[in-house]
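Look for chain A in each of the two complexes below; its partner is chain B in the first and chain C in the second.
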Partner chain A sequence: MPFNQKPQKFNAKINTVTIGTGDKTVTLGGNSTFPFYTFDAPTVNTPKVGVEISDLGLEALPEGAKAYYEGCTTMADIAKKAAAMEGADFVALVLEGGDPNGEDKPVEDLIAVVKEVADAVDCPLVVEGCKNVEKDSTLLAKVAEALQGRNVVVMSEKEENYKAVGAAAGLAYNQIVGAESAVDINLAKQLNVVTTQLGINAQNIVMNVGTACAGYGYEYVVSTMDRIKGAALGQNDNMLQMPIITPVASETWGVKEASASEADMPEWGPQDERGIDMEVMTAAADLASGSDAVILRHPQSVAAVSKMIKALA
Partner chain B sequence: MAKFITIGERIHCIAPAIRDAMATRNPEPILKRAKEQLDAGATYLDVNIGPAENDGEDLMKWAVQLIQSNFDNVPLALDTANKKAIEAGISVYNRSKGKPIVNSADAGGRIENIDLAAANDAIVIALCSAEGIAADNDERMMHCQNMLERGMMLGMDPGDLWFDPLFVVVKGMQEKQMEVLEAIKMFSDMGLNSTGGLSNNSNGMPKHIRPIMDSAMVAMCMMQGLTSAIVNPCDLRLMETIKSCDVFKNNTLYADSYLEL
Partner chain C sequence: MLLFDIVFNGNDTMYAEAVEAVNAAIAQYGEDMAVGFPDTAYTLACFYAETGNKITTLREAKEALTYIKSQMLRERRLDSGFKSGVATALAAELIEAMKYLNGAKPYEEPYLGHMSDAQIRELGVPLVTGDIPGIPVIIGPAPTVEEACALVKSYQSQGNFVCLVGGIIEQLKEAGYKTGFNVRVYPIGENISSVAHAVSAACRTAMIFGNIKPGDKAALQEYTFNRFRAVVNAFAPLDEKTVACGAGAIYYGFPVITNDMDYTPSVPKSLIKQPNIEEFNATSIEARDIRIKITNIDIPVAFASAFEGEIIRRKDMRVEFDGSRVDCAELVHTCEMSEIEDHRITVIGPEVDDMPDGSKNSIAYVVKVAGRNMQPDFEPVIERKFHNYINCIEGVYHTGQRDMQRIRISHDAFNAGFRLKHIGEVLYSQVKNEFDAVVDKCEVVIYTDPAECTRIRHEVAIPIFNKRDDRLATLTDESVDVYYSCILCQAFSPSHVCVVTPERLGLCGAVSWLDAKATNELDPEGPCQIITKERVIDENLGSYEDVDEAVQKYSRGALEHVTLYSIMQDPMTSCGCFECICGIEPFSNGVVIANREYAGMTPLGMTFPEMASMTGGGVQTPGFMGHGKHFIGSKKFMKAEGGIERIVWMPKELKEFVAERLNKTAFELYGIENFTDMIGDETVAQDPETLVAFLTEKGHPALGMEPMM
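Coming up: the complex of A and B.
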């Protein structure tokens, strides 16, 4: 009997969200198939790759990445170099220096960094908070204000601060809201519900549903993303049709496989390579599970993952 | 599995306000009831214009256009014994939010409504009865088979026949309730869709009792595989029960605000 291919058709699609302005924009979502199921329907918008930079500069970067940014002395230099990275679609600025348990930089200092980066590049921007919900409430509201007109993604809107962050980013300053939950499908949906109940258009929301590094409870990430795409497409659940942006680097560069030095673990081989492997594997798995964009740190990871996307999508 | 489909029953010419509105083509009372039901979460709205022997075609066209143009082409069930009126309604019906439902055919005198649905690419509610309520489930399933075959012979997708077991009243037919529930399971096992006027079970009961009985009934029916019901969506307890059962059945992903969706 000949094989009769029957495409899986859904009467639903992931929302289309465009980040940035002018001719330098990226568009996420719009697809009505599972990830890379090009045999069911052509991909409308391929997944995108963002380059993560930090207000803390280059110090924490792996050696290979440091080498890439060599000669950069200001945040503006770093941002320009990140935007120029092969395979980069957007730049993601993480304001980790704002963390009260870390450097605890004042909001004004961080906003100065945000402005410096935004002025240096005209590519689409994503801004992440400092991981402290209270600080982020103030900080991200100011970020949304400072970047008015740039149509950026303000990430790190969480259950605890969705009113402050969502209202500022989504209502007052017309940015895209990044609703963040930590590998919890019910909370991911709930956050979208309450964010839209603030009056924010569902088309102006993206999700960060969380990730883990491959090998670190990663199967929960797969089932979460899978279930979300299944509900979005199969059940036409409009509270789950927001595109997913996944910050990968912040998870993968902290695990021992990436952080143990070669001196401590000679049998594991060069540290940089291990870190790149962890970052690429996790990003590939996130994309195959349903992420519409990933945020990476190492130039080699960015190049490899964007190449994979071109080959598959 | 798809979410349970509710068909709002409150645009019905037995209600004096609606009968008057239909006779005088007064939009307000009809739009008011349409809005109430949609706000309460109805998916489809039933438009019952009665026998409408005189001006049925004109009336159904008017009602379909009135409701669809005011409520973003909400899908409708066209409910009348007048076949020409149903056809007239379908001729002006906008399908962007769902096919029209022909309400209804049976295995007796109204079997030709299946032909009508087939000819117009519509869904049809197929009552598993011929002359009077089926005596038992053997008879119910015979009617079901007959109507299913007729629809499929005419090229219908089996999913477009929504089988109605005929809900019966507890006060008088209490011993028949489990039989109705078993019929739903049989439809479901055959992969068929089903629906029905579920609140029939509580006919004649005190007003405060009916939502309780209807909610219990819908929960049991959904367990058996019922895919839709013709209900009063303004019954909050009933709608909350349906949404909760949709969660248990994994038809919709749970979120703390699920009752507000």
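Coming up: the complex of A and C.
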């Protein structure tokens, strides 16, 4: 019997969200197929790759990434170099130095970093908080204010601080709100519902539905993203049709496969390569499960994943 | 004079002043002169929000007067009154705009006039989060300087953003009271027309934060009514212009509270008379439904979940209260709004200081709550949290509930200054914060006087507890209008949906219908949603079109049909947290039930974990079903297959646990006495043959019933 291809058609699509201003914008979403199902319909917008930089500078970076940034002395230098990375679509600034349990940098210092980075590059920007919901409430509101007119994504809007972060980013300063939940379709949906109830347009929301490093309870991530895409397309659930941005690097570089030195684990091979492998594997899985963008750290990962996207989408 | 006429007169006066101001400006500068307030993109925000047209020149200002005049209807109808009120505000805005012509700076400290867009954006975020709970607009001089300061202070200390117009500003200045945008006390201007800057703030908030399209009058009114929690306090003597502005305020949803008892008639909920200035705050907060956020709890020790597991040993204990030895009680009691003074904490009887070191004492605390959405059904839900609240206090320990609680206060906590009233502070702040969806006002009374404790326990608390138990016992599936879904477990069991009914609690045993109801009220977007039960398919099976639609929706299509009372046809799914599993036993036409704690073998040849593997994960396996322990005694337990008569085997421990209710139900349904004696357990049989022999000997009714398959 001859193979008779029947395209799977959905009468729904993922929202289209454009980040940035001017010539250099990226557009996420817009597709009405499962990830990379180009045989069902052509891809409208291919998934995008962001480069993660931190307000803490280069210290925590893996050796290979450090080498890439060699000679950079200021956050502006780092940002420029990140934006110029092969395969990079946007820059994601993580304000981890703000964490009260870490360096606890004051909000003003972090805003200075944000401004320095924003002034240095004209590519689309994503800003992530410091992981502390209380600090993020004030920090991210100030970020949204400082970047007025840049149309950035303010990530790390969570259930605990959605009012403060959402109102500032989505209402007062017209940025894009990145709603973050922890690998649970219902929590992701609930956060989108309450965020839109604040008066924020659903078209100005992206989701970070949470991730894990491949091999670390990753099945939950696959199932969550899969079901979100299923509900968004199959059931036309407009509270789940926001594009998904997944910060991959922050999960993968901390696991033992990436952090154990070659001296401790000679049989595992070179440390940098392992880290890149973990980052690329996780990013590939996230994209195959439904992420519309991933945030990565290592230049080789960025190159590899963007190459994969070109080949598949 | 009628209120309408006062409003119309005030409107006419304000309008005449606006005409005069615009004409004078045109005479001075010509019609092409630019009009606008500094640092705003919403030029003449009130007019723009109302009509969708900007006013940028004096020519347009003149045209705007024509529009304003068209709104000044004079029939004595509510609509005319409101339109005239809005027209008064628009006229006032024009008067104010004329002051700013040609780059003039009409206001000098302490007066601040127009707010910039940047300030509105800065205000907007805390308004959305509730950190600024309300915006009182105070107009005119208070009777005394002290009262002026006290009123402003009372609002300010609640976090409100206070706007001032007229004489009160001079009064604050005289007292040296600090004002300014940053301290949330904003003196606008001397004349009543300056109130337009407050209206402008409301309109711009609606356009910036509410995405309200300029000109969409209905949406603007809805937004200001629902989201911009302003309230007007206007001091006597009122004049016509102020009353006309008040009509505009009321149109936007801002009630007016005044101490002028004679000038106008009062209008319920809108124009409220309050002769006592001290009461202005409470009256305003209640009238505008402003919810004050409690950020810090005023106690001398720490309050954190870190202290929840702290145990106070006898030697470290200053005093204890013990409901098992003396009369104690803890109670949430729903009252009328008028019966409660918010945040009042009263201790009746001796304080800890007067109790001997290491002594055992009585305590009874009654948390009185009131709120528009409060229902007595929520009382136990709130009460259950007391244990957690009191335990989170550093140096205080709590166990038990109802009239059996036990509390210890440590020496350290006592020495740090902790007293009983602080228990009241903790209960007050936690109840207000966590249950803000239903509790508007809260008051705590703590009794330590032994006679009072005895009275509260026996005459107040126990009758209420009994009433609640009776209500729970009499709630039936037929007696309620809705059921609830529960998808709390979907994180790990994606396609499972519990349908919670009064007689069938969640299979985990932790979510009763009342719990689900409270969860839904407190968190409307949360895991428990209302399921109607209007379209019955089959009463006996407990199948409804509504229920099917709900499970389809919440399982995202994984489930299509669920019956409430059958284990053979579309049985309800399980997540995996079931307390018990019931499975069909073909030899006896019955079912066996195993509870999670039971480690042995059942007559099905399966252990609990083996049965669980067939039942969990949101799949439907006819003949197997997960459920809560309390469901066993229910008249709805597998009602479609004949009910509890089918139960032929249970582990002994479970049988004893459910015996009383099960026997009662069996007697009521079938007239069988001591039904549990007919049910086998692991001491009788662990295989079907022995079980059937036992059932035959006992004359178990299941043997004579129709086969289930």
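In this text, the second predicted complex is superposed on the first by the 313 of 313 C-alpha atoms of A that agree within 3 Å, B and C clash if a C-alpha of one lies under 4 Å from a C-alpha of the other, contacts with A are read in each partner's own complex, and residues count from 1 in each chain.
The working rule: a residue touches a chain if its C-beta (ideal position, glycine included) is under 8 Å from a C-beta of that chain, and two chains touch if they have at least 3 such contacts.
Values in this document were obtained by computation on a predicted structure and should not be read as measured data.
*Asks:* Would chain B and chain C fit next to each other on chain A once aligned, or clash?
*Replies:* Result for chain B and chain C: clash.
*Asks:* If you count the residues of chain A that each partner touches, which comes out higher, chain B or chain C?
*Replies:* Looking at chain B versus chain C, the one contacting more residues of chain A is C.
*Asks:* In the superposed arrangement, does A:68 touch chain B (first), chain C (second), both or neither?
*Replies:* neither
*Asks:* Does chain B (first) or chain C (second) touch A:90, or do both, or does neither?
*Replies:* neither
*Asks:* Between chain B and chain C, whom does A:145 touch in the aligned arrangement: first, second, both, or neither?
*Replies:* second
*Asks:* Going by the contact rule set out at the top, does A:193 touch chain B (first), chain C (second), both, or neither?
*Replies:* In the superposition, A:193 contacts both chain B and chain C.
*Asks:* Pick one for A:201: touches chain B only (first), chain C only (second), both, or neither.
*Replies:* In the superposition, A:201 touches chain C alone.
*Asks:* Between chain B (first) and chain C (second), which, if any, makes contact with A:167: first, second, both or neither?
*Replies:* second
*Asks:* Contact-wise, after the overlay, does A:223 reach chain B, chain C, both or neither (first, second, both, neither)?
*Replies:* In the superposition, A:223 contacts chain C only.
*Asks:* Could you tell me if A:36 is touching chain B, chain C, both of them or neither one (first, second, both, neither)?
*Replies:* neither
*Asks:* Out of 22-30, 544-552, 580-588 or 616-624, where does chain C collide with chain B after the chain A superposition?
*Replies:* Clashing stretch: 544-552.
*Asks:* Of the residues on chain A, which ones does chain B touch that chain C also touches?
*Replies:* 185-187, 190, 193-194, 197, 227, 231, 235, 237
*Asks:* Using the touch definition from the top, list the residues of chain B that touch chain A in their complex.
*Replies:* Interface residues on the chain B side: 2-3, 251-257, 260-261.
*Asks:* Provide the residue numbers of chain A that touch chain C in the complex, in ascending order.
*Replies:* Residues 137, 141, 145, 163-164, 166-168, 171-173, 183-187, 190, 193-194, 197-199, 201, 223, 227, 230-231, 234-235, 237 of chain A touch chain C in their complex.
*Asks:* Could you please specify the touching residues of chain C with respect to chain A in the complex?
*Replies:* 121-122, 124-125, 128-131, 208-211, 487, 490-491, 494, 525-527, 556-557
*Asks:* Can you list the chain A residues touching chain B in their complex?
*Replies:* Touching chain B from chain A are residues 185-187, 189-190, 192-194, 197, 227-228, 231, 235, 237, 239-240.
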